[in-house]
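In what follows, structures are represented as structure tokens.
Okay, so chain A shows up in both of these, paired with chain B first and chain C after.
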Partner chain A sequence: MAERGPGREQAGGPFPPVPQVGTRGGRRAGLLARWGPQLTLAPALGLLGGIFLAAFAYTVALSLSAWLLLRPELPRAYVGLRNFQDLVSDPRVWTALRNTLAFALPAVALEFLAGLALALLLQREPRGAAFFKSVLLIPLMVAPVVTGFTWAFMLHLDFGPLPQLFRALGLATLGATPVLASRALVMPALVLVDAWISTPFMMLVLLAGLQAIPPEPYEAAAVDGASARQRFLLITLPLLRPAILVALLIRTINAVNFFDVAFIMTGGGPGTASEVLALFNYRVTFGDFDLGYGAAVSLFVLVVSAAVSLSYIRTLQRAS
Partner chain B sequence: MAKSRATRTGRGAARRRSPWDGAAVLILSLTSAGVLFPLYWILQTSLKPAIEQLAIPPIWFPHAPTLANYATLFRQPDIFNAIRNSLTITTAATAVALALGTPAAYVLARTGIGGRGLPFAILLVRMTPPIAMVLPFFLFAKAAGLLDSSAAVIATYAFFTLPVVVWMMLGFLAEVPVELEEAAQVDGCSRPRAFLQVVLPLAAPGLAATAILTALLIWNEFLFALVLTRARTRTLPVLVNFLVTQRTVDYGLMCAMGVLMAAPMVLFGLLVQKHLVRGLTLGAVKG
Partner chain C sequence: MRMRWQQMQRAAGGAVLALLATAAIAGAQGAGPLKISSEVGIHTEAWKTDLPALEKATGIKVDLTQFPFQKYREMLMLDYTGGTPSYDVSYASYGWYRSLVNGGYLEPFDSFDLKTLNLDDIPNMSLYPEKGKIYFVPYMNEIAGILYRKDLFEDPKEQAAFRAKYGYPLAPPKTFAQYRDLAEFFHRPPNLYGVSLMGKRSVFLTVHFANRLWGYGGDILDEKMRPAFNSEAGVQALKDLKEMFKYSNPASPTHLFAEAVGEFQQGKSAMIEIWSTVMLYVEDPKTSKVVGKVGFAPIPKTQAMLNKKVPYLYIAWGFIINKASQKKKEAFDFVKFITSRESEIRTAPQGNIPARFSVLDAPAVNQQMPWMRTIKQTMESNILTPIYPWIPEGATISADILPIALTQYLSGEKDAKPALDDTAREVGKLLEKGGYYK
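On to the complex of A and B.
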């Protein structure tokens, strides 16, 4: 970025003529012109592709082996598909998958509806719209570990303001329940925290989508005397579809991989009530140091994630 | 920065005022209060003396504000180390990702090598679950003897933010009119020079936004830092986790820590909020 200084001076004015170099330089320039683009791309693509493929291949190889890091006396051995057989019959895998779905579906649905509502309100350009938009963006910039700690504190039965607020609102039972230690309430709590973090993201993407809709269809609809509901259902929603799918795709992938906040707030507890896939995978790999099985679980998470992405991308392609 | 779009689209100005506008302001105010309250809560706790932090029921603003919690924070043995690690790792990894990704984005924007498939292949890295990548990265670092070295963490973060840089810069560079660099080349400027001296300065706001978003992602990253760092290279998010898992949690200290971590990123983020949508959707939606 050091080159920016001298460049800026020239950007506005005319460029000084650059003296032509000799034939050797000319030939070098010719070679660069021929292969320059490929050479420029090579480092970035080589690193990305190389490391990605190496990591993936290594994970596949690990998933076919037994390797317990905490028991160095046992040799690392090839075990074929045994890790995957274990995975299919491991109840914790299915608990984790169920928890992930029980978290991701309501979280994404809530964020979508709240985000759409906020985007529609901001689209009306009410007084203070720019201020509200800035405020709503802030949760996206706060580190998830800080967010997780903050909400755990907010929910603290003695020192937190939320139980106090619940009691003041007459919700005595809720105000006396340690929410994060309750099997029934822990997932709804995580969903709400995630909604606090990510509703702004939905709002931003949908607002950008709304603002990209041209005014003509609305003008035509006004001439035809369409009602507000008809305008929303027949113009806004169909034209917003690409933005909706992009927002849902990105959010669903992130929700399926939910980790930081749950790690800080619950660690998967109570018991395994909030143990989502990523937490389960982390515990197997870096808690038990069962690397072979951990790699198999990683591939399972990868497949779940890919299945979600592909189904959205299919829909997106069919839509456009 | 946060200028209203009404003037640009002209729609806002032309529309009649309706009772919905009042409702909109009311709903947006309540939502904003909900968004700000948790942040207010840690800010005011960070300014409370211990006796007020532990009041039951909690008090909602400090009666005797103090900076004692920040003093305690800066007396933590690991804090300066963690701040320095977070700063170096964030700066270095952002620089590496920008240096590798910006020229690549320029080539993709101008030549279209690899068709539409190549940018999406690059995106694949970003779409891959982090938890599925953390084990091979841990073992690579371990095999290279780089556990507890900032080099491994910097390389890892540069790798994972490279797709973000390429996608964001692809959009910004495509918006720079190609005629300007053609004129420079007619004047005898080489292609790399035209890129550095003509195109890049025009894309400077985009470059700044990309740098800030990349730095924000790295500064806040937790999972890879948790696995790849040890006492020497521990970053701020890992220190947060370390303090949270202590037997007795010092709420004032934790809140001061949270404010310290969040405040700079919120400030930077608000500076580039105009470009945030594009960054967060990797260019899929223009803000």
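On to the complex of A and C.
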């Protein structure tokens, strides 16, 4: 008589035999139960990770070499850390970093405050909330290049509506200044344009966070006689912290890599007044065609993004 | 029966193999149209009009892809150096092709019957040979100049008022001082500006600077390839340029080519400092309100240089052949046809300043465009000089690096000398990396 494994006594019933603990079938079932989700995600993660790691490794290799695309007759050469040494001593890099922080920090702060205010308003589901949510999302749907051209047109001294509005409001100097050619006004203009684009994103994330807060803490606070301000500061903000972290992280990384709208509206000018890191990186890589140095600048931008993001995470974790 | 079936199978298999082999050979020989890249621009639209004649005369069919100017250089460099080039022929700026020659990406026209191109008819051809061979054949040559409103300059009331104020007759400027006076005289905002300029950080602003730099006896690089634009001549040129912006639209610091030309086309300025192609734009009744009212004058000089030949901005666009092309002979025949005297006569009125001197003089062209003669005379009486220093890094210097110094000064971020000095250091580093100072 052939040897039967465990469970075979139950053979013939409507359901497959249940693998017993300690058996080969039981071990397989245990592994699947424990690692199933990871195994399901593994192919997609492997593909994405592979692409990212391959690109990252190539960028690192490029940053350690000298490769001038304008001089293809000169051979590529390994130069070690020379590109990074040049980067540290290059005043243009520090100007671009200063410009990037001068753009990113106020832009993200403004978007956060405006997004939170809108989310708090919409959370109450006022009349027409669905309509307002749809309208507020329009900036997110417009291509950045179109946004850049449109805002450059709106700020044009001759035919842009904004200078005409400034003049009508009695702001004669502002109405007579080409904003995008003014080193004092160009960065605030870009901050405001970015706020127009990205406030809807902040609003969406924070609104989702607000709607996930259970009502019980508010009910308990009402019983204890807490004021609206106390409820906001002591209940809403702490419970909203995870959503705030996600929103600020994503927006900060995007702001540090701000490129397309600035490229269209100012090209980095006047002078280098609006030349943020991404624009400087573009100039080095596709203007000078210095691919090795451009790769080093790319890695520097990555480090800056990571540093700013980590500081957010630590600050918020400390506060909790 | 079985033998016949097997024979039929073998025959069918042989036929399929033969078909596949033919397709492979045809692919290797480059079946299909000639692939050409170009910019989106008026001269491309001009030579496109002769493609039907090309096909009729030679049988060559063309598959053309056009790119916006701002992205085209980048696309061209990456495509040719990327290992799998997409185009047989490219229409390119004269400042771009030399690095492709150095990298071995271009086919010299000397590989074919060079004499049939009749290059003696094209000015400044001595600029183009690399290692004794020709890799670039111009289709379009043009020069900088001042376009001015003849209707305003020839108005008796304006003439009387100008003479009364400045003490000399109202006429197109010959010196920088006269140019400034004219701009001031006609500056009547908001309906009329003295001059249209292009002040945004770009190669267009470098054109304004170079017009003055050369006029003052300076240059972008010296004979040792060291930056020379931060000299006394450069400082004076930059200050001169800032002075002229006083008589332009306050929005000029945000203007590029399209805005400046549009402003002049709409009759909002008395002059525009630009290059000769724009004569074609202002004579287009579909878009211009100043048709028939515009004259062309050379860029002014200093009083001391009036009767001397000075470096004079000269721009050329032309054709290059990809060394990896499977259709080099067709590519050469295409270039030969499109740059021929007959084709250039046909296409000049469609939107081109022809490269051939004989076409600039041709009665058929001068009948429609009499100002072509002035262009020819200006080219003959000056030292035609490219806007880019004649090295692979030239376009980077003129288009990417120099405009930074210019806008830093114009926006008040730095004084003229420090702005030019800092930029000279950047240019020096770029050339040092390129091995020019070994």
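In this text, the second predicted complex is superposed on the first by the 264 of 320 C-alpha atoms of A that agree within 3 Å, B and C clash if a C-alpha of one lies under 4 Å from a C-alpha of the other, contacts with A are read in each partner's own complex, and residues count from 1 in each chain.
Everything below uses one rule, namely that a contact is a pair of C-beta atoms (placed from the backbone, for glycine too) under 8 Å apart; a residue touches a chain by one contact, two chains touch by 3 or more.
What you see is a predicted model, and the numbers here were worked out from it, not measured in a lab.
Contacts of A:131 after superposition on the shared chain: chain B is touched, whereas chain C is not.
Residue by residue along chain A, chain B and chain C are tallied for touches, and B comes out ahead. By the touch criterion defined above, A:182 reaches chain C but does not reach chain B. With both structures placed on the common chain, the touch criterion links A:158 to chain B and to chain C. With both structures placed on the common chain, the touch criterion links A:289 to chain C but leaves chain B unconnected. In the overlay built on the shared chain, the residue A:315 is in contact with neither chain B nor chain C. Looking at the shared chain after the overlay, A:68 reaches chain C, while chain B stays out of its contact range. Contacts of A:40 after superposition: chain B is touched, whereas chain C is not reached. By the touch criterion defined above, A:272 lies against chain C but remains apart from chain B after alignment on the C-alpha atoms of chain A.
Residue overlap on chain A between the chain B contacts of one complex and the chain C contacts of the other covers 152, 158, 286.
Within the complex, the chain B residues that touch chain A are 2-6, 9, 11-12, 15, 20-21, 24-25, 27-29, 31-32, 34-39, 41-42, 45, 53-58, 60, 95, 98, 100-101, 103-104, 106-108, 110-111, 113, 118, 121-122, 124-125, 127-140, 159, 162-163, 166, 183-184, 187-193, 196-198, 200-202, 204, 207, 216, 219-220, 222-223, 227, 236-237, 240-241, 244, 251, 254-255, 257-258, 261-262, 265-266, 268-270, 273, 276-277, 280-281, 284-287. On chain A, the positions that touch chain C within their shared complex are 66, 68-74, 92, 152, 156-158, 176-178, 180-183, 266-273, 283, 286-290. Only residues 74, 77, 81, 99-100, 102-105, 199-202, 249-254, 392-393, 396, 399-401, 403-404, 407-408, 410-414, 419, 426, 430, 433-435 of chain C touch chain A when the two sit together in their complex. Residue ranges of chain A in contact with chain B, taken from their complex: 1, 3-4, 6-8, 10-11, 15, 17-20, 29, 32-33, 36-38, 40-41, 43-45, 47-49, 51-52, 54-56, 58-59, 62, 117-118, 121-122, 124-147, 149-154, 158-161, 164, 196, 200-201, 204-205, 208-209, 211-212, 215, 243, 246-247, 250, 253, 256-257, 259-260, 263-264, 277-278, 281-282, 285-286, 291, 294-295, 298-299, 301-302, 305, 309.
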